[in-house]
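Next come two complexes built around chain A: one with chain B, the other with chain C.
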Partner chain A sequence: MSYGALLAALALAVAALFAASLLVGPAGLPPGASLRALFGAEGRALVLVMQEIRLPRAILAAAIGAGLGLAGAAMQGVLRNPLAEPGLLGVSSAAALGAVLALQTGLAAAFAPALPLAALTGAALAAVLMLGLAGPRSGALGLILAGVALSALGGALLSLALNLSPNPFAAAEAVFWMMGSLRDRSMLHVVLALPFLAAGAVLLAAAARGLDALTLGEDAAAGMGVRPGRLRLLVVAGTAATVGAATAVAGAVGFVGLVVPHLVRRAAGGLPSRVLPAAALGGAAMLLAADLATRLIAPDRDLKLGVLTALVGAPFFLHLVLRLRREGAG
Partner chain B sequence: MSLMSLADLTVFRGRRAVVTGATLAVAPGEVVGLVGPNGAGKTSLLRGALGLLPVRGRASLAALPPAVRARAAAFLPQTREIAWPVTVEDLVALGRLPHRAPGAGLAAADRAAVAAALAAVGLAPLARCRATELSGGEQARALLARALAQETPLLLADEPVAGLDPAAQLAAMATFRALAGRGRAVLVSLHDLGLAVRHCTRLVLMAGGRILADGPPAAVLTPAALAEVFGVRAYFAQTPEGPVFQPLEVVA
Partner chain C sequence: MRRAGLALALAAALAAPAGAAPARVVSVNLCTDQLAMLLAAPGQLVSVSHLARDPMVSAMADRAAAMPVNFGSAEEVFALAPDLVLAGTFSTRATVAMLRRLGIPVLEVPPVASLAEARAQIAAVGAALGREGAAAALLAALDQGLAALAAPPGPRPRVALYGANGWTGGAATLSGELVALAGLDNIAAALGLAAGGFVPLELLLVAAPDLVLPGRVYPGASRAEEILSHPALRRAARIAPARPAEADWICGTPHLLRALAALRAARAAAVE
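Here is the complex of A and B:
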């Protein structure tokens, strides 16, 4: 399959899944009327469901999935490690910490946007720390170690917050939030997340050329005019913006950033500049599909998105490992 | 006019000076062999010359902005790394990055440079294979082709022939001489002194982070220098087949 055909097929899949995401839901609305309602041409209740409930959910699934796929591909590219993923920077655990604190303190109950705002604040703090730690002289290993340290710190503080939670319900609420979901998200969430996701995408797209050169190692890339330190900062900033926004509105959604780049890499020809767009489309498709599945498999049990991506992602990853072993490639 | 000049260059790895007081110039038409035992500072000299390590003193290439430097000199590092399953063709085309505007595809000149580089290393038949599935020697040739495709006036190559079969080694050295014949220049670090004396127009001998000698092969690889620097005795003669060099034994 040519690269153009791959992108076209993925774009088609995204479009189909986006439409399905708009048309599937507990209200069981007729498709034709639903689509007309999207543009405000039906009864008030239908318009409300489509414009206020299903549309933001579909937009968020597509945008966050695309962002996570992009960030995963960029992280793997900059670290030249197929096991890298966007969560590695510690930004997602810091965002989760912010969100859980907002839940625990009751801020989120008093003022709905407090939760995503607190999560974004947490992500921003972690991003600033990472950018400081991942300076030009730190190298790829320094970046990984700083991310591991920050993730561990975020995880520990998260446990502490749960440990000290005022009552078991608060703890359960926080735990459920962390499993990730796109249920009951509004246009406010879209407005909060999209600017960061867009900024992240711009930064990561700007890194594509440098990531290509980095395929041959840092010295070779530097010899081709790339500044490896600047490239790392670009990817860290782009990933932080993406993951921070994604976690703030959807909770922790794992495995998309890790698995999707692998699924498209060989078909895209291996070069990061070609894997990035394919991974963005693949991520959007995967998250739209996963979010649809949460609604179809157990509509009344509020199946969590992060649980599902991990459930589907892990076997996929095992399959890739087995294929790699069959091919005898290390 | 020199393509690269170092004046009293000290190169640091961390706080330690790994090259001290290096002065060196490379002019068009030269194939300069950088020789010396392990740990002599050859790689550090090359990296310092490009500004990839912190330096004190003057290095003409290190003073350039990276994007300009990438059109003045290509660097083939010793570490052979291909992180992703890219085709040989795509790998070699990476060498054209410094010549392409961001977002621009391969122009006709880029395609010609890639084809010429592939032909120079004899990998044209494998152009569409995945580089990660080739043998180590073939990968080394593909990476050399990438540096050639950069089409810079100067090529800095760090042990480009290590691990290659004899034919590929000779072909690589012939490629370097052909570049020099077209008015370009190559600074190449080598452990194979036999190849160095036959194919380099000039040798630079390093040990302990210093340049000890710089001149024609016969003037640099004297019996005394061989014993002192490399700890070997060698057969080195001018024959009808050209200069022949063969290390014979370790001297105490």
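Here is the complex of A and C:
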């Protein structure tokens, strides 16, 4: 498949899944009335359902999926590690910890953007830590082990913060923060997350050419005028913005950033600058599909997004580990 | 729920042998705390649960502030040397089992789902405390209050109780019964939820209630309660300006009258 055909096919899939996401919901509205209501031409209740409940959910699924796909592709590029992914490296759980702290301290109630900013800060600290640990000569699996430890620490501190909350519902919500869900999100969340997701995407796109050079090796990249410090900074900032904003409103959704870049890499031709756009579209499609599946499989339970992405992603991860071992890189 | 009433009466009879009113009563449940504070003779009640002091859930937090409190562990309750322990059927299960093994009489009361069950429970706890007279007076006051707040004539606005995660109470709950008594139609019935259940926001909007009574929001923050500040909910339905305090309709006590009065006020505001 040519690169153009790949992008077109992915864009088509995103559009179809976006439409499906708008048409599926507990109220079981007929598609025609749903679409008219989306543009304000129906009864007040239907218009609210479409514009204030289903539309923000679909927008968030697409934007967050795209952000996670981009972040995964960029991290795999900068670490030159096929197993890198924000969820597996502890970046998502640090972002969730930041978000929970902003919520439970009342910071987010006083100043709404504090929520994504705190998640972004958590994600940035974790990303810096992982890049520091990665160093010039760390094995692929060593980095993942460090990520496992960081994830466990983030999860534990998150549970602690929720358990200490005066809110009786908060303690039960660790699952949401570790697994993610888009239920009952509103346009307020879209407004909160979208600017950060867009800024993150711009930063990661700016890193694309540097990442291309890095595929030839660090020395070659330096020879081509790529400053490794600046490249890393771009990727850390871009990843922190996308993963921070995504996690602040939807919780930590794992494996999207792992699976999607691998699926599109062969057809995209391997260069990060070509993988990034395809990974963004693929991530959007994957998260839209996962969110749709949560509503179709168990409409009356709040099935978590991370459950579905892990059901696909974890076997895929094991497959990658086995392949790495065969290639002797582990 | 006649069986529950019967079991209660039976348990009460076992707990308090005829003629011997317990002298040291300990309560480990929020609802029995309040019933005991309302019914016990001076000095008879020696400790209530720590929840009784929490004004969010206890309608008698000020009175409980003057009482010694316990945290419901078998060890601390046993150390108080009670001759009757009042407990709920849903919590402190291990404590109740342990106290029974130690030979301490325990009266367990289930959560009430109707005014009839609340009446039976007041009578049962009164009997267990040897305070039948006080229980009769409390029931008379409850009946008088209910009569004074009888359902007003006129339109019945369609109301939705809407709490964390979209929980709504149905007709077969204490809150549902009070909603009906206050002259309001509960949309839970139209949604086929007799006992209550989780209602997705979409379905609530399509059901289009005249009035929404949102649940209270606790300090801290939770995702479960975020649905109550969803812009679609705020724009779709009129939010009741006044609603019953949570503490007033958790337990089967005469504080239910305050909840009923608040519901009447919410209805009056909606009808205007």
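Heads up, the rule we're going with is that the second predicted complex is superposed on the first by the 239 of 330 C-alpha atoms of A that agree within 3 Å, B and C clash if a C-alpha of one lies under 4 Å from a C-alpha of the other, contacts with A are read in each partner's own complex, and residues count from 1 in each chain.
Heads up, the rule we're going with is that contacts are C-beta pairs under 8 Å (C-beta built on N, C-alpha and C of every residue); 3 or more make two chains touch, one makes a residue touch a chain.
From a predicted model like this one, the values you see are computed outputs, not experimental measurements.
Once the two complexes are laid over each other on the shared chain, residue contacts for A:176 go to chain C alone; chain B is not touched. In the superposed model, A:165 lies in contact with chain C only, and not with chain B.
By the touch criterion defined above, A:104 reaches chain C but does not reach chain B. Once chain A of one complex is fitted onto chain A of the other, the partner contacts of A:80 are limited to chain B, with no touch recorded for chain C.
Legend: residue contacts after superposition of the two complexes on their common chain; A:265 is shown touching chain B, with no touch to chain C. A count of residues in chain A touched by chain B and by chain C gives the higher number to C. After overlaying the two complexes on the shared chain, residue contacts for A:212 are found with chain B alone; chain C is out of touch. Contacts of A:220 after superposition on the shared chain: chain B is touched, whereas chain C is not. Legend: residue contacts after superposition of the two complexes on their common chain; A:187 is shown touching chain C, with no touch to chain B. Taken in their complex, chain A has these residues touching chain C: 25-27, 29, 44-46, 48-49, 52-54, 103-104, 106, 108-109, 165-170, 172-173, 176, 184, 186-188, 300, 302. Of all the residues in chain B, the ones that touch chain A in their complex are 47, 50, 52, 66-71, 73-77, 79, 81-87, 90-91, 94-95, 97-98, 102, 130, 132-133, 143, 146-147, 150, 156. Here chain A touches chain B in the complex through residues 80, 209, 212-217, 219-220, 222-227, 265-266, 269-272, 275, 329, going by the rule given at the top.
Taken together, the chain C residues at the contact with chain A in this complex read 164-166, 198, 200-203, 205-206, 208, 218-227, 230-232, 235-236.
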